[in-house]
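The following pair of complexes shares a single chain, subunit A, combined with subunit B in the former and subunit C in the latter.
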Partner chain A sequence: MTETVAQITNRRVVHLAGEIDLEHAPQVRKVLLGAVEEGRMILVDMAEVEYIDSSGIACLIEALQKARAISADLALIAVNPQAMRVLALARLDTVFAIHNDLTSAVQAAS
Partner chain B sequence: MSNTAFDTAVQSECLDTLLHVRFPAKVDRIKLIRPGIERSARMCGLAPDSSRDVVLAVDEACQNIIVHGYQSDNGGEIELTLIRYSTGIVVELRDRAPIVDPSTIRHRALNDIQPGKLGSYLMHAIMDRVEYFLAPGGGNLLRMYKRKEGTT
Partner chain C sequence: MTVTSAIYAPAEPAPIADSDAEILAYFCQELTIERDLPATLNTALEAMVRILQLEVAEVFLRRQDTDGFVLKTSRGRAAPHRITTRHDDPMLARCMSRRTFVCELDDNGTQAPTAYAPILSRGEAYAVIRLTRRDGAAGFDGRDLALFQAMVNATALAVANVQLREAVDAQRDTTRDLEFAAEIQRHLLPSVTPGEYPVFGFNRPIRQVSGDFFDFFTLPDQRIAFALGDVSGKGMNAALLMAKSASLYRCLGKTIFCPAEILRRLNREIHETASRGMFVTMVAGTYDPASGILEFANAGHEPPMLRSPDRGYESFSADAPPLGILPELTLETQRAAMEGGEFFIFSDGLTEFRYGQGEQLGVEGLIQMLESLSAMPMAERIEKLLSELNREGWSLRDDLTVLAIDDAWIKPHE
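Right after this comes the complex of A and B.
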């Protein structure tokens, strides 16, 4: 599992890759919550997430709730079909704002 | 390892054991068995998406055993058995953690978006049957059944 954080204009873009599971959830949680603290608009790029389980989903939920609590926005971008299926099974595919790519996410926010 | 009531509920013929493995109950070991679970589900006739769902359900069950059963103590083991049935796949997970009272296992409500209790919810959402037993000889036995598409 790898993660990188980039600043694009006034947005924090967190790029997640690999397996977001119980082993790596603490690291993902730290990165996501850190990004929420530092930005008003957080985009989580999930294009290269190969696997995600409930512990990974829990990290996303916690970050979303923290963002909402401080009136920040958090959205998911480029969610691949496998990860989208897990979000749908968890009935969370309508809870998160989900965009096809960075461009559409930026357009939606402007 | 079988349970008459469970097999009756499944209403299907048990064909053969596809995989039987015992592994340390550690968070970094679950990924080692994911490919075997997916291949086994495919061998049972499940579609690719459903097979990946079964991987997730087993993954979540293992996490529950590690975190709640063994309390993340690295000394425990998990025994996984995948059995091919004429209508799908049966997953058995046995552990030696303290006995779990199934009535105490809770999963989230549909409208609850709190970060916890999601694993058990996913297990029940994915699998057609999820049952907990006392394992013969001690410990806990979780049996789950997933029906392949096009069967009743």
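Right after this comes the complex of A and C.
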């Protein structure tokens, strides 16, 4: 599991990669909550997520709830088919804003 | 007397006489009888006071908030002016940072009225012992300091032993608590003899406690209420939310018979108190054995499957996200006629079972396994399926729970 955070003004792009599971959830949680504290718009790039379990999804939900509480936006971008299947199965596609890429996410926000 | 400080590093180790060996044997013997850390330290200090004829022997710990030290314990006849709350003796810091013996030498550079030694644990200084002779008494010579060194090393081993024993005791307490929690959890699940009821459930936690649950019970109108839930994550936090969700369901399910309404109510309750983004995927419903009609609602859970003798497998997707995420859920009750078929609800621990090079069993793999066992009665088939999954090289990654309803079930005595 790897993660990086890119900063552009108030926007934070968090790149997640690999297996986002119980073992890596504490690290993912820290990175996501850190990004929510720093940015007004948090985009989570999930193109390279090979596997995400409920612990990983809970991290995304906690970050989303925290973002909403401070009127910030959190969206998922470039969600690959495997991760999308998990999100769609649980109808979490109705909870998260999901965009194809960074450009469309930024356009949607503006 | 002017005092200079120096690191004590004798060119030649002081010889240990037979009498000294006896002294050390006595010292070590004293340490073996103590059961906790304060008693171990006090015993060590008392023995040092006797052996080295000290005014006082003290143990200092570094304060968490400042650079100073706090007196943990002392033995001997401490002069009143020594009992203070602040201990900023620079030799304490020097001893701890250098992780070695230090002492203050007198003007002649041969004897020390005060000596310091660190208690080391895994290479780190855990505490510092300070020994002080009476004013006017002879200072520590090389033999005294060699004895001091040997006694501190023995004390460090005794401290490490006590800490290890305390850690083992704490681990044992945790294990016992987990066993109690697991037993309470098992009692939250219904228990029926396989084949004695048209509904059958199975739960296997990946850890000691489970984040999954299932339940079923007969309603006053003879319909059967059933549910299966899967809390996000694993371990104790998932187990606690599982216990809450299962208890709420058992309570609400006896007075509210509309599956969608039960899930809406559960969602509100869980959303009010859930933390860290935790959520519960859940299917709840009722089954009427007289008509074979199923009514159920699905909040974010893996689609349950209906197997009909002539139509094969039909799955029913969730129409709302899991419980605990949104303040209100919009979802409807789904309806299906079983017509002698079977209904399976399972947690993703089943479909995410790994085998071979890490491939997941998946829904297709599950269907294949169920079909290969279709000649068996249902409860027996589920048990066989789970024992097949237990084979070598296959690995469970999550709690595994199955609930099955058999519309072709006939009471054993009929």
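Operating definition for what follows: the second predicted complex is superposed on the first by the 109 of 110 C-alpha atoms of A that agree within 3 Å, B and C clash if a C-alpha of one lies under 4 Å from a C-alpha of the other, contacts with A are read in each partner's own complex, and residues count from 1 in each chain.
Just so we're on the same page, contacts are C-beta pairs under 8 Å (C-beta built on N, C-alpha and C of every residue); 3 or more make two chains touch, one makes a residue touch a chain.
None of these values were measured; they are calculated from a predicted model.
Participant: Could you say whether A:94 touches subunit B, subunit C, both of them, or neither, answering first, second, both or neither?
Facilitator: So A:94 only meets subunit C here.
Participant: With both complexes superposed on chain A, which partner does A:82 reach: first (subunit B), second (subunit C), both or neither?
Facilitator: first
Participant: Based on the superposed arrangement, let me know which partner A:19 touches: subunit B (first), subunit C (second), both, or neither?
Facilitator: first
Participant: Which partner does A:57 contact after superposing on A: first (subunit B), second (subunit C), both, neither?
Facilitator: After superposing on A, A:57 lies in contact with both subunit B and subunit C.
Participant: Go through subunit A and flag every residue that touches subunit B in one model and subunit C in the other.
Facilitator: 21-22, 53-55, 57-59, 61-62, 65, 89-92, 95
Participant: Help me check something: in the complex, which residues belonging to subunit A touch subunit B?
Facilitator: Per the touch definition, subunit A meets subunit B at residues 19, 21-23, 51, 53-55, 57-59, 61-62, 65, 82, 85-86, 89-92, 95.
Participant: Could you list, by residue number, the parts of subunit C that touch subunit A in their complex?
Facilitator: 230-235, 276-279, 281, 300-303, 317-322, 325-326, 348, 352, 397-398
Participant: Note which residues of subunit B are touching subunit A in the complex, please.
Facilitator: 27-28, 30-31, 34, 49, 52-53, 56, 59-60, 63, 66-67, 110, 113-116, 118-119, 121-122, 125-126
Participant: Mind listing the subunit A positions that touch subunit C in their complex?
Facilitator: 21-22, 25, 29, 53-55, 57-65, 89-92, 94-95
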